[in-house]
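Two complexes come next, and they have one chain in common, subunit A, joined by subunit B in the first and subunit C in the second.
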Partner chain A sequence: MTNTSVKRKQELKLALGLVLPALIIMAAVNLYPLIYSFVISLRDYDFHGDKSYPFCGLENYIYIFEDVRFWRSLGITLIFTAGAVTLEIGLALMCALALNRKFRGQGALRVIALLPWAIPPVVNGILWKWILNPRYGALNGLLMQLGVIDEYIVWLGSPSLAMLMVILTDVWKETPFIMLLLLAALQSVPSYLYDAAKIDGAGAFRTFKEVTLALIRPALFVALSLRTIWALKSFDLIYALTQGGPSNSTEVLGYYTYQKSFVSLHMGRGAAAAYIMTFIVLLIVIFYQKAVYQDVEY
Partner chain B sequence: MKRALLIVLVLMVVAFGVYAGGTAEKETESVVLRALIRPDEGGNVQKYADIFEAETGIRVEVDFVGWAEIHDKSISTLSAGGGGYDIIFVPSANVVEFTSVGDFEALNNMISSGEKADWLQPVLDLYTREGDLVAMPWYSGGAHMVYNKEILDKAGVDPEKIVTWNDFKDACKKIKAAELLKYVYTPTAKYPGNFYYAWGSMVASSGESFFDAAGKPVFDKGSAVLDSLKLVSEGTKEGLFDPAAIAMDDYEALIQFGSGDTAFMMNSTWSATQAYRNADLSKVTGKVGYMLIPGWKSEPRSGGFLYAGGLGILKSSRYKEEAKQFLTLLTSADAQKHHAIEGANLPTRVALFEDKEIDSSWAGYKALTAQLSYGSFLPQYSWFEEWRQATSGVVQKTIAGNITPEKAFDLILENARKAQ
Partner chain C sequence: MKKNSIRTVIFIIFVIFFILIVLFPFYWMIVSSISPQVELTEKPPHWIPQEPSLKRFVNLLFGGEGGNAARQRVFVSSLITSVIVSVSTTIICLVTGTMAAYALARIRIAGVMKILVGILIAQMIPMIVIVIPLFLFLKGVGLYDSRLGLSIVFTGLMLPTVIWIMFGYLKTIPTQLEEAAIMDGCSPFAAMVRIVIPLSVPGLVAVGAFTFLNTWNNFFVSLVLTASRAKPLTVVITEFSSQFGIDYGLMATGGVIGCIPPILLTILLQKHIVSGLTAGAVKG
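This part shows the complex of A and B:
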């Protein structure tokens, strides 16, 4: 064995030794719960039962698939995700393009734009609960003063309006993060490519499509994937703002899972619902990877 | 290389040893009781924890968890075997849930059979599961009907004459006709929990039960469920009740009433008290009156839902006897009196309902305690929470006018059968 290979082996062992504690902790806090919750999903883990929690195979999964409320929650989740992510990506792209230009106060504006993202989700939910209050909410007050409405609107009172409000609340909070990602990507686009496009006679739209959009595609993929995953497993905002109401119209999958676990106290069904949700997220990310992600060369 | 690995391993072992040693040292030093309680009762708990420590040398460490999270935190803790807690707060709404998930110590010897008459019987019954007292009754409360004296005076409404819900509706019509308010009352329906202080209490005020002892629905034999649905539906259609009720919870209703924008409010003991005395939440302090919740018949008078707070000791606790000592102090007459005066919670010791000190410091105390003798607790079935969740959606649809009260009734009955 040569000296170099012995040294490499030693380095590898040292590296392994150094990351081992972190690996053990990660396994304890991530892997173990993941495996244990899967085991729970295969048992009749009902706190109202006799506490023997017998193995029941795929019964919990079958129950979830046969539950009308699950399918309704899935539909609501998809509407929420599609609405929120589309608006967030669109708005974030516009904001990033605007903030990518040089102007006075650009730095300050970037910091201010990031503020909503710094607010914890539950605080965001409570904040908006009061903004949307049907009798004392700031939104009604503002619209009334501007003459846009002549009667206060019960924003969270009807299913469609409540869903729209939940989406807008999510957009308000999450857009800055996407904007930050896209802004970073925009700043890495070499300026000579724009010069070349100009020389080639490309118009503004074509330059945007062929240069800007093409080059920020990997960042877009990351943003789209992350936001979709987060939106699909949304819980805190719904919990704080509507608790799934009115008439279960904002009951997303995350909230449905919570209901099964902490209201019905059937941890087995809750775990099964969580695993189904994870599988759906996985499918969508694979789809994104195939549809959106492409290596860019220039 | 091996030395580096060895160093990492030794460091880990030393760190663990220091931590474990430190913990062990602490535990041998003194007994520390750990309790999981909501912060609303923080002042009361802290005061008596300090007294307890001064008297016994036993420290009580309390994790205060907010109302919104304490249910889930308690369930997780109980399912994990107790999480090192000795004392757990047990709200009346969750007695079945908590005792199903966790193992609670029987506290039968804390209230002897001779002393039972000193305690509020319905609360004792509530906390007795299969013959064992699972939590010490700490405080009580319930739904109350509160009114704005000034508005009622101006409209010429005498609250003494409001005995039935029909009288209530007539009073609302009179106030509306006097053009004093846009809406007279808000039957809150945003969350399932609002069941307590709105539609649910309307039904309970009939004296009829939702379910029999075996959990079989019996409300289809009576008329209160349908009558209550009709009341919230028609009251909203006629412009007497605020349609925004569908998106308002108890706290928001308190703010609305406290702003003088409604004439009546059905709410918890705490909210009823805040409307009278908390100027930060209410602009109508001093103009607030209390009346018994109307019923569906003139006699016998009935009432809304009651609630209570209890404190249980976990079987996994290492210091059960010490925990019992602390609970004895915290539920003593002195501590309950302090809790009533400072925290606006009604006691669970019967003698305190006649206490002059509480009465003189708490305006409306007599009127509020009078309501307790008419009320009832939520049914205690494992599936009740699920049914209440589903029912809240149906009530929302009824208030919004999306379904008729008759259709709503059918759905509620169907939900009851499904939930079981």
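This part shows the complex of A and C:
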């Protein structure tokens, strides 16, 4: 009895020793700032103002909620997220279905599909900014040579076109990766299920719905929720590609919050905006979580 | 038979189309980096450069004729920063993260699941929430705009993911071997170092690559937490446009250099990445 309790004590000591370094770093870099950020959001933390940064209650939150630009950027974020995620999942599913067979060069194709995912998002941004350049860009040049357009287009010049381009740039980077994820799920569907469906006389559409889609649903959910969360937090791509322009039409929440904190240098408002953004992300996470749980039971 | 061959042709066309769309931007980035300035402003574009040269790469990395000495210094310094920060973050994450994951996976501790869920939630939080206080904090302790400051911050940001993945990996390694070793008088710590660590090398390699990639590719945190001395590559490349007028050739060159490490890692470790993905997707 005493022997086991001594052993248990030693074990716990070891556990503590092993966890401690990681715990200290995470507490300092994640937990402490998370709490402190909330404190900042309750103060008049303006670099241009009173250096004592007095507490001001919910004033910063009220400011954000009354800011037209905030609501606009929330709308832009939702449009960007819905557009990008729908296109990415849809295209990825189509590509995965088309590529779901054995062929030579499968490994090479997999490596190629990983390349856009691997590069820094900011490089993705500057690369497409160059391709979309209105005067010397490759896209205008190509479309002109193919006879699709007869004059150069300013791709990032008008609000809706710029938004479309931002979405397409994101689609280029993220779709191949999601396709690999879905392809892996498709390949784990046992072939006898398809045989069984055939014997039962199920048509192509029914087989797709009842066998394929049903079995890759968990993977689809993972892809959907991860992509949504990441899209809501987008910043790098926008910064490099449009800087939120033209006339703030691509200013997503991440960019808005950045502007408030590090360009206007009002940390209090920035922190309040950041907290509101976190809250929105968490709401969506909870929503997805519920959906996934239901899915498992069903 | 005929129907089959038509389908094959369509399939091949689809694959080629897919590859073209994925690879063309890369091709164009490389072409732009080696084309002389005059060719970049040609209409229609020179799809194949007529006089390719590595001049931009040489100028950017080593300076010399036609180069801008100040820009070369800034670029090389940012390259060194990126390497130092990514490597040190990866090493600290692997050591401390594996230790923590081992304790969580092997030793009965009350509330392990709660800790793990907390770690998962930590990954969902938009980085800007914690970056604002970190900015003030690092300024306060004199670590703002330093490689050490960046490394510490990235370690903290990556640790939750590292612990989460290593926890899952360690759970797949059977406990019997360590138990036998402990029976034979080996201490639990020695059992971990001598038996569990060697068995988890594939997991460590994958997690290490993932950490390196994420640190190397990060832009936002570095943008906020550095000003001049410790700017990494990703931040410096974007400034080729704002500071010196838009120089797309140079940005493409910086882009190519910035893409080399993550792409090399991805190609070397593609099997690990894809299987890691699959496991994650299946488990949910």
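Note that in this section the second predicted complex is superposed on the first by the 273 of 298 C-alpha atoms of A that agree within 3 Å, B and C clash if a C-alpha of one lies under 4 Å from a C-alpha of the other, contacts with A are read in each partner's own complex, and residues count from 1 in each chain.
Operating definition for what follows: contacts are C-beta pairs under 8 Å (C-beta built on N, C-alpha and C of every residue); 3 or more make two chains touch, one makes a residue touch a chain.
This is a predicted model, so every value here is computed, not measured.
Undergrad: With subunit A superposed, do subunit B and subunit C clash or fit?
TA: clash
Undergrad: Is A:I286 touching anything from subunit B or subunit C once the two structures are fitted on A? First, second, both or neither.
TA: The answer is neither, since A:I286 touches no partner chain.
Undergrad: Based on the superposed arrangement, let me know which partner A:N133 touches: subunit B (first), subunit C (second), both, or neither?
TA: both
Undergrad: Based on the superposed arrangement, let me know which partner A:M267 touches: subunit B (first), subunit C (second), both, or neither?
TA: both
Undergrad: For A:V148, select first, second, both or neither according to whether it touches subunit B, subunit C, the two together, or no partner.
TA: A:V148: touches no partner chain.
Undergrad: State whether A:F235 touches subunit B only (first), subunit C only (second), both chains, or neither.
TA: second
Undergrad: In the overlaid three-chain picture, which partner chain does A:L14 touch, first (subunit B) or second (subunit C), both, or neither?
TA: Both partners.
Undergrad: Touching A:L213 in the superposition: subunit B (first), subunit C (second), both, neither?
TA: After superposing on A, A:L213 lies clear of both subunit B and subunit C.
Undergrad: If we overlay the two complexes on their shared chain A, which of subunit B and subunit C does A:N248 touch? Say first, second, both or neither.
TA: A:N248 sits against subunit B, while subunit C stays out of touch.
Undergrad: Where does A:G157 make contact in the superposed view: on subunit B (first), on subunit C (second), on both, or on neither?
TA: A:G157 sits against subunit B, while subunit C stays out of touch.
Undergrad: Among the partners subunit B and subunit C, which is in contact with a greater number of residues of subunit A?
TA: Counting contacted residues of subunit A, the larger count belongs to C.
Undergrad: Can you pull the subunit A residues that subunit B and subunit C both touch?
TA: 10, 14, 18, 21, 133, 135-136, 262, 267
Undergrad: Show which residues of subunit A lie in contact with subunit B when the two form their complex.
TA: 10, 13-14, 17-18, 20-21, 47-48, 132-136, 152, 154-158, 162, 243, 245-248, 259, 262-265, 267
Undergrad: For the complex, give me every residue of subunit C touching subunit A.
TA: Residues 11, 14-15, 18-19, 21-23, 25-26, 28-29, 32, 40-45, 92, 95-97, 99-100, 102-104, 107-109, 121-122, 124-137, 152-153, 155-157, 159-160, 163, 188-189, 213, 216-220, 223-224, 234, 237-238, 241, 248, 251-252, 255, 258-259, 262-263, 265-267, 270, 273-274, 277-278, 280-282, 284 of subunit C touch subunit A in their complex.
Undergrad: For the complex, which residues does subunit A have touching subunit C?
TA: Residues of subunit A touching subunit C: 10-12, 14-16, 18-19, 21-23, 25-26, 28-30, 32-34, 36-37, 40, 95, 98-99, 101, 103, 107, 109-123, 125-131, 133, 135-136, 138, 141-142, 144-145, 172, 176, 180-181, 184-185, 188, 218-219, 221-223, 229, 232-233, 235-236, 239-240, 254, 257-258, 261-262, 267, 270-271, 274-275, 277-278, 281-282, 285, 292.
Undergrad: Okay, in this complex, where on subunit B does subunit A touch?
TA: Within the complex, subunit B touches subunit A at residues 1, 4-5, 8, 12, 71-72, 75, 79, 97, 100-101, 190-192, 242-244, 246-248, 252, 255-256, 259, 261, 382-383, 385-386, 389, 392-394, 396-397, 400, 402.
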